[in-house]
Every structure is written in C-alpha cells, then in structure tokens.
C-alpha cells in the first residue's frame, strides 16, 4: 500500500502549512479544556466578522457530527428532516441521523439540488398523527454533485421553509467552494439568505480536523453544548481546533484554498471537454468533476491516480480537487486519459 | 480570561513536542482517508508489540466515544453495563451511553474500585424478563479517584465476568498512569488480566486528540467500523491520529509521560502530608491528589492555580498532574498553600 | 360528533361476536401474567397447526409494534431495512422505526409491491463503511394499495433476500385478506414462501387488540421476549389476547371474516365500474378500493359515509371494507354515488 | 401448568364484571379509530370530574408506556429523571426508559419513598456540561414497597421540584390504593399536591388493559399524541379502552376495588402479626404485604398459592391482593402458613 496521488477526495489532502503553523504555535503551556481558553474566545470574534454578530458557534470533530447534532437541535422526537435522496446525511452517515431518532424524508433531486415542488406534497403530513412532522429542510452547499445553489435559490427555499414553520439547515462541508464559485461572502449565502443552522466545514478546505456549527436562529442553540457533549464531540484540547479556524478565516485563506480547488476542477473539465469518449455530467461549479468514462480505461487510470467509481451502473466517476492539487498533476492526468483512450481505440 | 497554570486536569496540558513533531512530519502529500493510509497501517503493528498480536484496533476522536462505542459493541439492546456509581461513563458523559440505549447498572465503589460482592446481587436479574440483562462489567484504570487496580484484582473481576457470561471493559483514559504505578507492561493489565475491550487513552497523556479502542475478544470487533462511523467518530484524515499514537508508543514516551505525571502527584502529596489542616484522602497511586482543605483558602489558591472543587459538601478538591507539570510549579503551589494556611490561622 | 358508518378503515369495526364471547368466557379467576397462563399455552399449539411446528410466537398490543420490534430483532444497529416508499412502516408510524435506530431504505413501488430490480442497486452499499448495511426486505401483504403478492412473487423476493444474506419480513396486518384472495393457507404465503418474520394481524380482522409476531427463522427469536418488554408491549393480562387469537383461528373464523371483507370490496368496485366519472385504480384483490372521484362529490359522500381522501393532489379516495360491512350499506353507498354524480352534472 | 390462586400480583386478576359489561355493550357498530369516537369524547369529561378541568388526557396500552412516554414529554435529550433505586422505571422496564434516551438518576429510598435530602446533592449537576441535567422527579404512589406518600409529602416534593425548575411525575399504577388508604380524592394527591404528570393505572384495579397519562402542566401535552404514536401505543379501537375507564370511574368502582384490595392486605397482615416466625416489614398501607419467612416454608406455601420471593438474600416475600381476592382465600392462606410453621418446628 502506497499513498497515491489523485482525485479521490478533498480529504485525502494534508493540512495547509499556515494552519499547521498555527497549531504548532499554540502549543504553549496550559489552556483550560472544553473551549474555556483564550484561543477559542478569540476565534468566536473572527467568526462574527464573517457571519455577523448574531450567531452562536460550536465546534465538533467531524462533519457527520456537525450535521446530525445541528439537525437534532432543531427537531423534537416526532419531527423530521426533508433532504434530497442523494444528501450526504441520507447516504453516507451509516445511520447516524437515525441513531439520534432523526427521520429523514428524502425527495428526488435535480442536478443535486432540492426543489420546492418536491417538498410541497410533504406538507400534507402536517398535523397527521401517524406521520412524522416535517420541521427542517436540509440542503448541501456545494451539493453532492458539485453544483452550487445561487443566493436566490437559497432565499426561496428559506422563505418556503419559514412560511411553513420549518427551519433551513445547510450542510456546508464545501461552503467555501460554493462561495467562491458565486463570488459572494459567506454571510450572503447563509445568514442573509435565510439559513438557520450551518455546518461550516474546515477539514475539506485545509484543516486537520474540526467542523463548526453556527446557529443564526439562536433560540436553537440554547442547549447545544449538552448535545455536543452527549454527541461525544466535546473536544477537550479545543484550542487546537480554534487556532485552525482562526488561520483558515484569516487573510482569506479559506477563499484562496477554495479558489484553487475550484480552478483545478475547472481546468480538468476544460481539458477533457473535447474528448468525445468522455462525457462530463453536471455543471462544474465547485471542486468536483463527474464524468462518464469508457469502461476499459477506468482501471488503467486508477493504477496511477486514486479516484472513486461513483456509479458502477452508469460508469460515472468522481474527481475531486483540493487546495493542494497540483496543476501539473491535472495535466499529467489529462494526458494519461488521452493516451488511454487512444490506446484503447 | 487568561490561561492559568494549575492542576485542574491533565487535559489542560498541550501536546508533547515529540508528538507534535510527528504530526508535522506526516503532513506530506496525500493520504487515503478513513485509515487506509500507510501511517495507520504501520501503527497497527506497533500496537501489537505492546498488546499482543490478537487484537483489533480502531481509532476515535474522544474518550467518551471510545467508551460508549466499545461498550455498544458488546451489548444487545436488552443488555446492560455494570459500573461503579462514580464511573466516568455514569457521571460525566451527559447521557451519551443512554443515547445508545445503554442502561448502566451502577454499584457502590470502594476507593474508586468496583467490588465483586456488589455485583453478585445483580446476577438475580439474569433471565428475568423485566430486567435489563447484565452483560459487561466496566472498570476504570486508573480509577476516577486516582487509585489503581492491581493485576490480581483485574484478573478476579475478569474471571467473575467470564464465569457469568459477561465481558470485562476497561476505561483506560489513564491506563498509562496505572501501568507505571504498578510497574507492569500494558499487556499485563489488559490482555493478560482478562480484559475484553479497552479504551486506550492518548489525549490525557500528551496527544492532541485521538483515543484507541482495542478488542482482545475479537468477535466483538466484527462490525465495529460501522459503529465508529455511526458514532460520528470515523476520522477522515486519520494519519494525523495514527502518527500521534506511533510517537506515543515509540521509545517509551507513553511511559515517561505517565511516570512524570505520577511523580509530580506524589511530590505534591508528600509536600503536604505533614500539614495538619490538609487531609489527603485516597491513596495517591497515579496522577491525582484528592484533599480536604479549609474552606477559606480554596478561593485564595484558585486565584493563582486552576483546579476543581470536587465535592462542595465535603470541601474536597482534586489536583491533577500531567506530563508537562513543572516541579517548580508544584513547589510554588505547596508554598502558597502553606502561606495561605498560616495567614488564615 | 356521531359515529358514522362508512369505509374509512377496517379498524373502525368492532369486535366479532365469537371473539367477544371468548374474552368474556376466559374472565374466570386468576391467571399468571405476561403469558404464563394456560390460555396462552394453548393458543401456541393452535398457531402451529396453521404455520407449522417450527415457529416462535409472541404477542404485542399493536401492529406498529409488531412490525418495528420484529424488524429490530433482525438487525444490528448498522443494518437497515429495504421497503417500498409507501410502506406503512415508512409513512404511518411517526418515526417509530427510527426511534429504534432502524434506517429504512425506501424504493419505488409498482402497484404497491416491491420489485427486485429496485433493490439490486442497494447491494452496492454492502461492505461500504459509510452506508447502512441492507439486512431485511420488508413487504406488506396485502399491500397498502390493496394488491396481493402471489406465492411465486414472495418466493422470488425471499430467494433474493437469502441469496444476499438478508431476511424477509412480512407486514401481515391484512394477511388474512391476502390468503383468501389467493385461496391458499397461511403457511403457504409465509413459511413455505420463505418469510423469516411475520407480523400477523388480528385487530383489522375482528379482534379488539393484539397482534402476533412469528419467527420462522427461530434464531431471531432468541432475545425477543426482552425486546417486547423494552418495546413496552409485554401485556400483563395476556390471556385476553390469547383467547382472541384462539377464536380467530378456530373454525376458520379468520378466513370467513376476510372473505366477507374482500367480497364487499369487490361488490363495491363492481357496482361502480361502469360509472364513467369514477376511475377505480389498482386491482381490487383484497378489502380496499381506490378510486379517483370528481372533486365536487367527495364532500357530499363524506357527509353520509366516513372515508379518507387518500391523495388530495389526484383526488384519490380509499374505501375499506371489513368483516362487519353490510351489503346493504354497500348498495346504499353505490346509490348515493350515482345520485351525487347525476346531480352534479 | 394450572392457573393457581394466590398473591403473586394484582395483574393476575381478571376483569371486573362491570368493566367487562361496558366492553360488551360498546361493541355496537362502527366507531372512528384512534380516539375520535363518542366513547372517548365522553370519558374525557368524566376524568375532569375527578381531576379538574385543566388536564390533558391520553390513553396507552400498558403502564410501562404510560411512565416512559409521560416522562419523555417532560425532558429534552440532555435532561434526566430522578427516582428511587427501587423505582419500577429503574428496575422493571428492561431498559425501556433508556431506549428513549432517558437517563435515570436513582437515589436511595426510605420505606420505598424518595427523600429530598437525597435529591439535593444532584442539584450540583445543574449547568455542568458533562452532566445530564435533572429535570423530573418521579415518585410511585403507592410505592413499590406498598407504602403511601401523604398529601403533605407529595406537596413538599412538588415544591422542591418546582423551586428548582423540575417537574413532578407520579407513577400511579396503584394510585387508587393510595387514595383510599389516605381517604382522599384522586385530585387531592395529584393536581392539588403539585403533580405535573400522572400515570393513572387501570389494569391493576380491574381493567383488562389500558392506562391513562394525565398532564396537569398542559404545556407538556402539546406534542404528546405524536409521542404516543411513535411509542407504538396509539390504540386503534380505542373505544374499548375508553369504556373501561368510564366504568372504573363511575359509581366509585375504582374506590371500591381499591378498598377491597387494601382491606384484604390488611387482613392478611393482621392475621399474621402475632406469629413470631414471620416478620411483616414495611407498613401495610395499600395492597401489598412484605414479609420475611422461614426458608423452609416458602416452597410449601408456593405449592398452593402463587407469590414471588422478592429478595432471595433476605428471604423476603411479596404478597399482593386485588379487587377479586377472596376473604376465604386469605383465611386459608393464613391457616396454611400457621400449619406449615407448626409442622416445621
């Protein structure tokens, strides 16, 4: 087993040097555990410069936890969460939401996005004693298919949610990629667009570990410290999470990392767009490229570069780029693809 | 708010320099996520040199998770866990075990330890349909009171457990402190003594984050990867946990760290043992000192050094030492105590 | 509020006189609680004459519990249940399965039935750590749309399940209606067709309360008594459930009740089949008729007869018949429909 | 196996004839399911004459469910329930509370009762992030030891609970026995004494099945219908539960049944009080007698009369009486005891 280069996932990347440096520098002496330290105090203020003053902020270890616990804070035991059928919370958490009693109400996506006309029929469940009561709409930004909701699209979903006494939750594991894709500030696609709860991803954008949960509807945050603890996510040496977020949010590092990743995905897609044998599906708006490949060349490529066969039935592969993807690797990969196709003809 | 020095907890400490160095050095290029990397592969072998070849090993973020998920692997939904009334899993996890449906069956402790004669009456629950079925005995090593089970004591509990079709689980958040206190190898107080499941603590002994779950009864490990994922503990960039454990287990660092912490606790206790106004309770066998203090001096001391009032009813305080406790701080603290007492007379 | 006659549900009916008589006659003196009585002992033998000797049998109060607990017995916490999107367990249990950590994996139905080609893609989840592991296929017989699986269809699903290390669960709330529709014995569409776990419904076929859970794969029954208790379903005065089942299974009462209900549904459908303005959808194979009606006449009909508007978007209504539906009521209802349509033209 | 007479439990009894008659008489025609029937409408009013107008009322199948669901309505996921160590919810529900994430906080009892001085230390958990947050005090009336809280005792516990932002829950499986023991109305020991949630038992006082949950703090009842459904307790043919409660509450039947049961327990205890070899422990205030017997005679008695050996370590047995205990059986049992003792001397 050797660690291969590749396009398997943005969590195959390491830690951005400036974030690593921040970790090392904070390793001085003692600090109170569980967030009662000066580093955590400081980063709270930095978050406010990005998301506005009216937020409540919590850190957890992993993205699964950010989503599940954030959602749990918004529902009572008889209330459910509307999401797309391909939502990460529905397909990739091995039942973690259900462990917390969260019933998911999946609806069909279009280009990775949820659509209000698919949610509307669920409203007939409201007040019906046999039905779980829809209480949250959860969207993923950027979506699992690498597409990006516009500010207007989010606003419409938020308005719909609020009009029907529901909350809007955003799984922002790749929100940085979405924000730079749209060219907007983080606040514009969250607080300003009507999001109530946000999972703000760090790990996929250059951190070692650590995700944030932000509540724009602060009434939901009231007991969240206890939920984090019960969720087995209350980090003891929290300063090492806090300083990572500080480094990520300082001097636009979050933006630069995401811009680079997006640019590399765009480059890869552009390089391949004229090859007839390859079909790029889904618009490349963030840091993911989905392509349908000739069956024969997939194993040839995987010998040199790591990536996942997304859907074995349609021969769709997923290529992800990250802050540390090298342009030269994209070029090499492109050439390998071209050669493989030519050889296989 | 300033980060004060003190004796509040061994998780107020930072990261040992050799562990931090290992983290920095592993930050090179890509590595497959979720443990499929060469670092994790390597550390598995290192664990085997300490615990024997017949183990299954998993990493999680936090100690709460190591305990709860390890226990979950051993019980069906109608089975329960016997522990002491002061067990960390009973008092300090904010209901995390119950979130997983684990019913705890607390029995009175003696000096922090569980006693077989307290467990025996619970055997009458076996086969009774209205009763949760006792299936695991969980002990903490070193205990929550800083005492240490001898190898013989563990063996007896393990034999009792196995004789009654139960498992023995060990919360080893501070197992290193226990091992050096007894002067034995890690394998002697775990595998060799009959332990079936072990939470092996890293964070309290110099790591940044990360705990290990070891199964000596490997039938219990079969589905554990899924449980870790559902438990929201499957670390994506796992190499950074693995290299920490590698550094901790290499060149006896785990042992040196624990020895130093224990020595500092001993020193503190010894320094105070002749002060009439102070009553050291519980034998100081690991890195914790419990003392009953005159009420007046507690706030005076807390102005300079952080520590917890363990029991407000009896005026008992808890002082914990760690790998980075300075001998000079112990001396200063001792002098402050002496002066405070003299001034308050 | 007045109790209206109608076609709302087969649980609007009362108790069949012979079942009521059995209840009254068993109310003599004391009987051990929780099933340790002679009545329960006896009914176990009667069940064996219908389902074969190799069964384990348990009683619960309600159908929701029969399904959820029966499924729970078959899955570990990381395993899930495949069912149709309109399965009662998915749409009508208000999150009871998720309360037990059961992740449902809904697939599109066809005429109310599950199809193997919809299940096959889920097999790619097997062994993938991020995915819940499919372990049970749950079908409803008769289906939620009043259609009936043939013995061959069940056999094929069972074979598929077993070939992929899964169990077959049958929600048999209306299994009697299905059996008489097919003209087969209960054993033929359960044990003989490869069903592993059966919810055998009593309430909808003339009982007051009480459902049975049968395990044909008896390894699954091992701890089920405890699960029933934890599921808050262990009836104390169980004799009154047992004698109901005895009466239901004796002298073919279960069959006669179901035959009558099915006949009434058929009659209703036949009476309406020539009315152009009414569209009977779904084949009427059991005791349910689904029809699309002109919007105007629905409230007119509901003034006289109770029934549910099944789908407000398509104006589909559901009419259910039961053992105590009067033929004269069917005739009156038919006439009212005809008149309403004529008047509204 | 033969159904023996005896003193095993008040749920070995059958159904009171007047309750059975009410069931039979309500079996006329159709009635809407799930409580939307005229019988249920009517019994709501009858409950108000006993408990006051400001109540919310729900029915469930079993007492376990009444307790667990009633408690669930009062706690968020990070809040816990204080009860005695011998509380039925702690020892006899096979983990049903924990299935719902309820962490129980057992404290030592005195004569079966909870004491405020045992609860007070738990207040230090309030606001501590690692601790479950105590939110409900649950008491059992009459207690598991057959003793009865006075109105004043309940009032004091309620005041303590409310002063510390907690609710008072009463497990009233045998509240009728307590009320007649005290000679007070049901409202006096519930609503008037400060109880917020009540499980009102029917089965142990002459019903076939069915328990009620009453909320005096009506804010807790808001979502309870959904919780009942999720709890798999929403009875479809609910009229048959409602008419039982109607019969029980009409013409003081609840009182007469309980008075008789209590009288029989008193008679049994009085008959035995002069026998030196028998030690009646706990005051006989309701329908339970606890006695320590000579070891030899226990199996002799159990050959003729059913009862439980409560505590094998102390040779304590429990004898329960019910509405249908015959005075002649008490006399026969007394004589058998006397004879057995004389013979064994």
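Worth pointing out:
In order of appearance the chains are A, B, C and D, and numbering begins at 1 in each one.
By our rule, contacts are C-beta pairs under 8 Å (C-beta built on N, C-alpha and C of every residue); 3 or more make two chains touch, one makes a residue touch a chain.
Just so it is clear, the model here is predicted, and its values are computed rather than measured.
Of all chains in the assembly, those touching chain A and also chain D are B, C. Set against the C-alpha centre of chain D, every other chain centre is closer than that of A. For A-D, the matching interface among the pairs C-D, B-D or B-C, defined by over half of the contact pairs being the same residue numbers, is B-C. Chain A and chain B have Cα centroids separated by 34 Å. Once the centre of each chain is set as its mean CA position, chain B and chain C turn out to be 51 Å apart. A straight line joining the Cα centres of chain A and chain C is 41 Å long. Each of the following residues of chain B touches two or more other chains: 77-78, 93-95, 99, 101, 129-130, 226, 229-230, 234.
Chain contact summary for the complex, chain C toward chain B: residues 34, 72, 76-78, 101, 129-130, 133, 223, 225-227, 229-230, 234.
Residues 77-78, 80, 91-95, 98-99, 101-103, 106, 121, 124, 129-132, 312-313 of chain D touch chain B in their complex.
Residues 1-6, 8-9, 11-15, 17, 20, 23-24, 26-33, 36-38, 41, 61-65, 68, 93-96, 99-100, 203, 208-209, 226, 229-237, 240, 306, 324 of chain A are the ones that touch chain B when the two sit in their complex.
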